[in-house]
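Naming follows writing order (A, B, C and D), and every chain is counted from residue 1.
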Amino acid sequence: MIEQNCKVVSNDLIAADTYRMTLDCPEIAADAQPGQFVMLKVTHHPIADPLLRRPFSIAGITARGHLLVLYRVVGRGTRLMASFGPEDRCWVLGPLGTGFELPKKNGGSLLVAGGMGIAPLGFLAQRVDSPRHLFTGYGSADQIISMEDLGLSQIDARVATEDGTAGHHGMVTDLLLAHIETPASHQEKPGKGAGTVVYACGPLPMLKAVAALALKEGISCQVSLESVMACGLGACQGCAVRAAPESQRQYHHVCQDGPVFDVRALDWDGI
Amino acid sequence: MIEQNCKVVSNDLIAADTYRMTLDCPEIAADAQPGQFVMLKVTHHPIADPLLRRPFSIAGITARGHLLVLYRVVGRGTRLMASFGPEDRCWVLGPLGTGFELPKKNGGSLLVAGGMGIAPLGFLAQRVDSPRHLFTGYGSADQIISMEDLGLSQIDARVATEDGTAGHHGMVTDLLLAHIETPASHQEKPGKGAGTVVYACGPLPMLKAVAALALKEGISCQVSLESVMACGLGACQGCAVRAAPESQRQYHHVCQDGPVFDVRALDWDGI
Amino acid sequence: MDGVDLRVRLGSLELKNPVLAASGTFGYGREYSELVHPDRLGGIVVKGISLEPRAGNPPPRIIETPCGMLNAIGLANVGLNTFLKEKLPWLQSLHTAVIVNIYGHTLEEYARVAAGLRGIDGISALEVNISCPNVARGGMAFGTDPDMSARVTEAVLRETDRPVIVKLSPNVTDIRVIAKAVEAAGAHMLSLINTLTGMAVDVHRRRAVLGNVTGGLSGPAIRPVALHMVHQVVHTVKIPVIGIGGILTAEDALQFLVAGARAVQVGTGNFVNPTATADIIEGLNRYCAERNISTIEDVIGTLETG
Amino acid sequence: MDGVDLRVRLGSLELKNPVLAASGTFGYGREYSELVHPDRLGGIVVKGISLEPRAGNPPPRIIETPCGMLNAIGLANVGLNTFLKEKLPWLQSLHTAVIVNIYGHTLEEYARVAAGLRGIDGISALEVNISCPNVARGGMAFGTDPDMSARVTEAVLRETDRPVIVKLSPNVTDIRVIAKAVEAAGAHMLSLINTLTGMAVDVHRRRAVLGNVTGGLSGPAIRPVALHMVHQVVHTVKIPVIGIGGILTAEDALQFLVAGARAVQVGTGNFVNPTATADIIEGLNRYCAERNISTIEDVIGTLETG
């Protein structure tokens, strides 16, 4: 993990309010594992508002070796980021946190992404070579991030939109459920058989639904969580999330113990 | 006086650390008098650091009717301004303050500018049609702002640099002194005769020297002062400057009573 | 956006909306009138008035700090008589609440300013700044001691025929103690917070930046402290509370209203955005309209806890 | 830049430079060690330790505010025994001052933590956080009362063989009164300030943002308040003072040193810039070198007044 002043190589609007930024930080890129994140400084020294760094999943490593970040403009920090030009530099701290545990050899993976949750899952899909299936959900067609922007090819992907403007009209969890309920013999893709892992990232209600399904069906499932963060390093204890009742500890720290957690490690009622 | 969200028409580096910004705010431009200023918001809502607006002299009205601001990058606010591009907008409050009293018809004017002090004097020179002579002083040749950038033509101007890289090697006050001491009969330009007014803007030590000279020689003299400011409107009383001992009041407010003052109104020892 | 009723009642004081301009930041109202006419606001609180005119502190008087500013104006003002003669007539022509902020360095002085404003038309209320140094007690601010705070309140109440707002200082261990003492003394309303004491050093010259060495910190930087104190005081007293501190936007104002303030004052925010007060009123309107809330009263004090 | 001597002496505690990492923001030192090795710093103050482990407050625990942040971590920590077993050995391998921040909810608890750390190698000093709620007094913080502050100080002094730094709370009317009481009780040093109490409201949900409702405000927003209190305390006590509050850069640190602090702590600054501490040390070096100042001692307390 290092801290580096990186060149912003590109920063393009690729979907509604959604930007694709690539950063030149070879050391961080070399170390990065799917599910890990970086903390970006969004202001230039010595301007102190907004004060804290912003956490972003590492969304992949581009063909040219650059670190890929996909983000949606939701507030002050991301609005500033959207104004970064290719002459700008940005302080990047990373790679941080505990990423996904990759599927066992030949184990199938079901990747379930809600909105910007695609970011860490895109990177995961880049790194998994066993059978994998990607389900993505967006509010609307204009938010869809293309497989090309994710650096993915030859992947079996299905999309759902809440307003029905593209793909399945409904939630991404509908796609997952339908898939899991299809008898295994009818599937080319990984089903709920042993060895299958569900990987999910997205809004909390979606994660809750995925977790409930996985726990009910006994499918192994890892989720990537979000939390407000200050240090990103496990030093401030600001990013606590309730641990499963039966755990030894009352809280996990999203930045260090996560952001990726096995669904069984979390308290889904208290979250 | 109005508050307006103005288009930044241009914002160009014209000399060392020195920018020339033009703003599209026809109402403010129409009202502006030489010596008046504007308060610019350097951040975008709702970013609160740096918090306060920055005061800048109105440096002229361009041929296209745009408001001209000349500024040097000295800190956080001006550094942010330097990054404004022609797509940006900027909140402008103005015109503010009490400007120069124009010379009497046919009265000669001696304009003495130190560094960025040229800004209000350039505007004054635009508006004065009686004989006027401009003395400018800079640290070094690379800081010199051209007459073209000031929108001035056919003006008798002389320059001094502290390091001697251009014009007179020394202070701008040397030029003024030499000029005033030249017997009137040898002059084409306004001398210290009755009706002549000295207008000065620049660093405090320069203003002190000019004021001392004018007071000694009994020449009418107006200076444009700087001060930290919060409101720019006479509401906060933050911009106090000591009034001359014989005045009725202990302090003037730079933003309202000034920024232009008759040298006799100020306490030059206590300033 | 019509439909929404922004009127609020603070005891006997009725305001057309809950947004006031704070003392010392809006001059005598006139300075901002080309940008925001006072009649659009719930009211204005004028610069603190003392018995005698005061020239104020030596410059520099202000300095920017991270998301805030320090001021050491030194309570410069024209004094009671000039206020009555030169500033009041214009204020009397307004159709909004005009609140006169007063201060003194002795109990006597507070009382005499209040007396001087008695019976005068066009003054809706007095706001008593108790953050002033008490000369009789070695310069400790009146507002840092519950007993002295109560005595200032009583002294003013005795001399005035207007509602009295006591403006509390945040530089105290427990603001609830002061709030209770002032309420018990008969204050009709409380406003808080005044500035936090602060300082800045110029490390190049190795001198304090301000001519007065110390100053009062205001602006967004102090908002969390102000909001906490307002929340505490709202749960401590029965009289109406006006929230002040770091309000720039409608969302900031709403934090105070939701926490239980019945009105807010905008101070430093006027410098950052000279139309902040008007923009906030518009924002409150929008917030209510978007949520089908017909009156701002249904927002005030609705903070859910637990 | 060599030549410059950054060493400072605070009573019996000698530091290689005046820059420390503040408690609660630098973990147990190890978390930041890949970025800034603690050996480069004057020292580190570890997260506050209590007798028993503490899980801390319900989330959300932090929220950004203008130029600052609120935290309500709830003093979560591993507890004395785990600290000694799991965290101490690594700390003992360091070549810099390791200061252990301790707290309790009763005098007894403070004393027992201090006793548990007695005679242990590799601990340079204790820093006593007196901003904790005193359960015996209805949760009023120890540090808001001079008498209780003195008693905590004495309780710790009785049980420890290390220099004792008492860390003051800024949420008081007059911090000089507390400083004097703590000095009289025998404290070897003072550090200040801890966080200011604050709050934020989510106006959409109409709930407090923090799980704990209130939290502690830190960061650049509070720097002017911290600097003023440090300046006050330096002129009140004879023991060394450590300045804390909103320090991000060398210039910020210098404001405190010029005002008389003999060392500084960097808290929230570590989040903004994880190498802030190291950058500040470099900046102090540069400041001195550029001015031909051979030792940082010649900067400390050099504020000219009047």
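One rule holds for everything that comes next: a residue touches a chain if its C-beta (ideal position, glycine included) is under 8 Å from a C-beta of that chain, and two chains touch if they have at least 3 such contacts.
If you're wondering where the values come from, they're calculated on a predicted model, not measured in any experiment.
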Revision key, fill the gap. Relative to chain C, the most remote chain by C-alpha centroid is chain A
Revision key, fill the gap. Chain-centre distance (mean CA atoms) for chain B and chain D, in whole Å, is 47
Review point. Roughly how many whole angstrom separate the Cα centroids of chain B and chain C?
Key: 36
Study note, to complete from the structure: In whole angstrom, the CA-centroid distance of chain A from chain B equals 54
**Study point:** Shared interface positions of chain C, touching two or more other chains
**Key:** 66-68, 219-220
**Study point:** Residue list for chain A, restricted to those that touch at least two other chains
**Key:** 46, 48-50
Point to revise | Chain contact topology (line, ring, star, complete or other) | key: complete
Study note, to complete from the structure: In the complex, chain C touches chain B at residues 24-27, 31-32, 34-35, 47, 55-64, 66-69, 71, 73, 76, 219-220, 248-249, 268, 270-275
**Study point:** chain A-touching residues of chain C, taken from the complex the two chains share
**Key:** 66-67, 220
Exercise for review: Show which residues of chain D lie in contact with chain C when the two form their complex.
Suggested key: 65-68, 70, 140, 144, 171-174, 196-201, 203, 205-208, 213-215, 217, 219-225, 227-228, 231, 246, 251, 254-255, 258-259, 287, 302-305
Revision key, fill the gap. Touching chain D in the complex, chain A uses residues 1-3, 41, 45-46, 48-53, 91, 93, 227-231, 233-242, 249-251
Exercise for review: Would you pull the chain B residues touching chain D in the complex into a rising list?
Suggested key: 48-49
